[in-house]
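Step one of this worksheet: look at the structure below.
Note that the chains take the letters A, B and C in the order they are written out, and that residue 1 is the start of every chain.
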Amino acid sequence: MNFLDYAPAPESTSILNLKKSYGLFIDGEFVKGHGKPFLSISPSSEEAIAEIANANSTDVDAAVAAARKAYDRTWSKLSGADRGKYLFRIARLVQERARELAVAESLDNGKPIKEARDVDVPLVAAWFFYYAGWADKLDYAGLGPNPRPLGVAAQVIPWNFPLLMLAWKIAPALAAGNTVVIKPAETTPLSALIFAEILQQAELPAGVVNIITGAGDTGHALVNHSDVNKVAFTGSTAVGRAIAKSVAGTGKKLTLELGGKAANIVFDDAPIDQAVEGIVNGIFFNQGHVCCAGSRLLVQENVHDEVVDRLKARLATLRLGDPLDKNTDIGAINSQVQLDRVRELSDIGEAEGAERWSAPCVIPEKGFWFAPTIFTNVSTSSRIARDEIFGPVLAVLTFRTPAEAIAKANNTQYGLSAGIWSDKGSKILAVADQLRAGVIWANTFNRFDPASPFGGYKESGYGREGGRHGLAAYLKGASW
Amino acid sequence: MNATPSATNGPAVNGAAVNGAARRGSALAPAERALDIIGGDLTEKSLRLHLEGLAGVDAVGLEERAASLGTRSIKTTSKAWALDTIIRLIDLTTLEGADTPGKVRSLVAKAVNPDAADPTTPRVAAVCVYGDMVPSAIEALGPWHGDPDDGRISVAAVATAFPSGRASLAVKLADTADAVEAGADEIDMVIDRGAFLAGNYGLVFDQIVAVKEVCRRGDGSFAHLKVILETGELNTYDNVRRASWLAILAGGDFIKTSTGKVTPAATLPVTLLMLEVVRDWHRLTGERIGVKPAGGIRASKDAIKYLVTVAETVGEEWLQPHLFRFGASSLLNDVLLQRQKLTTGRYSGPDYVTID
Amino acid sequence: MSRLAVPKTYKLYIGGKFPRSESGRTYEVLSKKGAFLANAALASRKDARDAVVAARGAVAGWSGATAYNRGQVLYRIAELLEGRREQFVEELIASEGASKSAAIKQVDAAIDAWVWYAGWADKYVQVAGNGNAVSGPYFNLSTPEPTGVVAIVAPQGSSGSLLGLVSVVAPAILTGNTVVVVANQVAPLAAISLSEVLATSDVPGGVVNILTGSPAEIAPWLAGHADVNALDLAGAEHLDWVDLQVMAADTLKRVLPPEAGVPAPSLERIIALTETKTVWHTKSLI
């Protein structure tokens, strides 16, 4: 028998208690939406999971009003210690329902259950634990002598890490004393709606967190609502730009976490096997749907062939398929729209003269799939070296000297993250010093932690999430 | 044909006494692989430059990769195959001062018939004993003595002043020669860790070459040589990579993690690293070298992780007795318990497997 | 007979030099009472473009200097200002119609602000940066860095021109940023005199660039400029500053909103013009 064709190891969905349809979570209750409901589908099977409510502007008004009322009457009157206790409760409940949340996330997003279980959900709990502890210590955060919350925060999150992005938004906002109206992405609302049940179980006061599902219109109405004090957005640079414009002059504080085209720099003295793992993790983790993905491999020219050969050999053991199989490494692309974009840009890459190689994965019939792909012979002026693809596609470029690596890495309008691989500490630190990126990983990649600030330079956005710095976005009298 | 003078000259070869500068320039034993890879000017210095030119290892990344391989979920048919394969790859081991012919007979009986109640159970690959117990093992095996690739069981003997390796080369070679003469099919030697850590790579190299030569039988065949690195004492992963590479250059057929007498013994990360070396050697030369993790692998669950690691690093082909072994004793019973659960559907217990 | 004065020509300060506007234009600077004081250069968009080029060119050297070095440079500027107190006092009396005591108070406050900011150069990192206790074998450090080129609309009030300028320039450059400043339109003389101080100090050319003229005309060019990293609208209260913010959003610039009056000394202002970089590094003994 072929051992490497591991027998199916499916995670059961029986742990889920899915409803046929979900309402909007406003003022502590699930209520009907007034927009046209839509279906959320599983991107690996294209089957419907549940019907999702659609919030129109009336619903947005109601949600903001609920958040405002909760802020004025309840949340702003609670002590930091009490706010912290609610956050601790939420963290615990996330841990208790961890498996359920992981299965829901994998089903709705298409990401492998292994990742949802081992990365996403544990980080979600950790994020709430971390910020719970800050709630009564804001005076010590180095953000001014008497930091005050802003009021009502409008938050719009993307589909790539649905529950984790929700945690990144809600935890610091609540710890700092704000109330929240949050809009999950339209293709991935499920885990947020289960999270709403957790909020009920935690007995979080009604209106402190409101979760309104919908699409672009809902998000637009929300960020432009006049009674919102703060806007936080994670998503594409194009939409981030539009939000920055619409917020101008309104007095709303804004933080943005946008796109990236990170350079993963591999020097000739890199620990080569771990560097190959880091490259793979950098661009194929989460199917490449990661803003900080290492989508450009900058490899020192004298080891280019060696690294590419090892990389191809390594990619041959990646398993693409049913996200709910515990042995799946590469899950489904989140939507047809995203798949089309990945395909389009990959075709452009070929047309531009780069050499295309894909892992020999068997593609299932139904669902949205894209085999891990690398392009060699890419030049700095290629579109695939500049545009964010947001899929499992790696562009490989070379450099000769550390200075050239830095120049190429920085030569982009983005500035979210970067990776450096070398056995030489002085070189790593000198390169880290000069890279214009908000998160730099040395001999590792895609590491996240609630204590570690995350965010970009330049067109990757502004503001930081995580750590002490992550509080600044939600307090008056603090920078960003 | 003979080992070179520098390897067999009496006391001078114990390393410390020899002048450093003289050592650096002195020629090493002309092992074929080393000559191919490093070239004709094979000296302490050229060997050292070569080993130090190997890529470094980032421990955090290595350990994370090992942990990630450990999350593979091996179920149903894959699990059944894995359990049987583990048994087929076990070197069933007893290496105690208190070993007696009776103990060895008992071990062999278990090796031949691991699960008294289930004759479909595969046989182990080998029994591993001290050199002076080889005759007892061979006698006990009787018709079952032979090549594990053919479903029979071979006899592996530890040698070279196992486990410490702290004796003169002459003593270590005599130890080896005795075992080979007694009929051992495989020799598990230990490297001189003191010499390695002191930077005397050439000395370590020459000793392996000399031991390999002593494995040559009258008819020109060789006892199979496994080189134990004792990774727990080498400590760093960079050292393990260098020692692995050195052992292969010097002519080893297998590289083995540990004696089992020192903690840490085999770990998944260190085995992963050694498999990466073997993979790289194969890429470079087309030659296949075996890997044997030994010591500390007691649970089937863990052994399965090793199989996954082998398959995903060097390929499934390595899951055969001539390329991969588990050095273990209590692992076998845990595998049998798991096997029994797969067959009967219920959890088993210690009373349903035999002690040896 | 009283001595004939030698009137001063007031030019722009770009790249460490004093060019006239490439447009050749000037405008009349009048005293509070309407008397002619001087012709100041009326900066054009091309001057703004050149200033940004000079500012960008100076970033590597200025941000690459040690913090100690930058602090010393700023402190020296305070020394030079102190030495020229009389000159600045007289200029403020003439250009702002300030009383002597008010002028002295303003100059003293400007010098003191400069000293205060100088002291932050090698300390703000300790206050705004920190190690992070991540759960894994990693050394993790967050540290602020200068954002790069900052375009500033200086406070435009008819009084406080010197203090206003100092209050926006010092916090920006101490971290290693370089600046392009649109000076106080009605009272620009203090800005040019300050430039003269800068030119004779150790501040490298291009670190501070001062454009006199119309903020309404110049600011949009800076707000839309893709090679400007941040936009400080401190003195833009009476401009169409929302439009400026919208323009800045095209390139995702960091934007500081207008402030009434002169910004008080603040750590927040320093940090607002920095980016936080977080570095993870594996750590292991073996």
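Note that in this section a residue touches a chain if its C-beta (ideal position, glycine included) is under 8 Å from a C-beta of that chain, and two chains touch if they have at least 3 such contacts.
On a predicted model such as this, the values are computed, not experimentally measured, just so you know.
Chain-level centrality, scored on Cα centres against the all-protein Cα centre, points to A.
With every chain reduced to the mean of its CA atoms, the largest distance from chain C is reached by B. Centre to centre, using the average C-alpha position, chain A and chain C are separated by 37 Å. If you average the CA atoms of chain A and of chain B, the two centres end up 45 Å from each other.
In terms of their C-alpha centroids, the spacing between chain B and chain C amounts to 70 Å. For chain A, the set of residues touching two or more other chains reads 443-444. Annotation for chain B: residues 58, 60-61 touch two or more other chains. With touch defined as above, residues shared between interfaces to two or more other chains in chain C number as follows: 136, 138, 282. Those residues of chain B that touch chain C in the complex are listed here as 58-61, 235-237.
Per the touch definition, chain A reaches chain C in the complex via residues 126, 142, 144, 237, 240-241, 244-245, 248-249, 251, 256, 258, 413, 415, 428, 432, 435-444, 447, 449, 451-455, 457-462, 464, 467-469, 477-480.
Against chain A, the residues of chain C that register as touching in their complex are 127-128, 130, 132-136, 138, 140, 142, 147, 229, 241-243, 245-246, 248-252, 254-255, 257, 268, 271-272, 275-282.
Residues 136-138, 282-286 of chain C touch chain B in their complex. Those residues of chain B lying in contact with chain A across their complex are 55-58, 60-62, 64-65, 71-79, 81-82, 85, 276, 307, 311-312, 316, 319.
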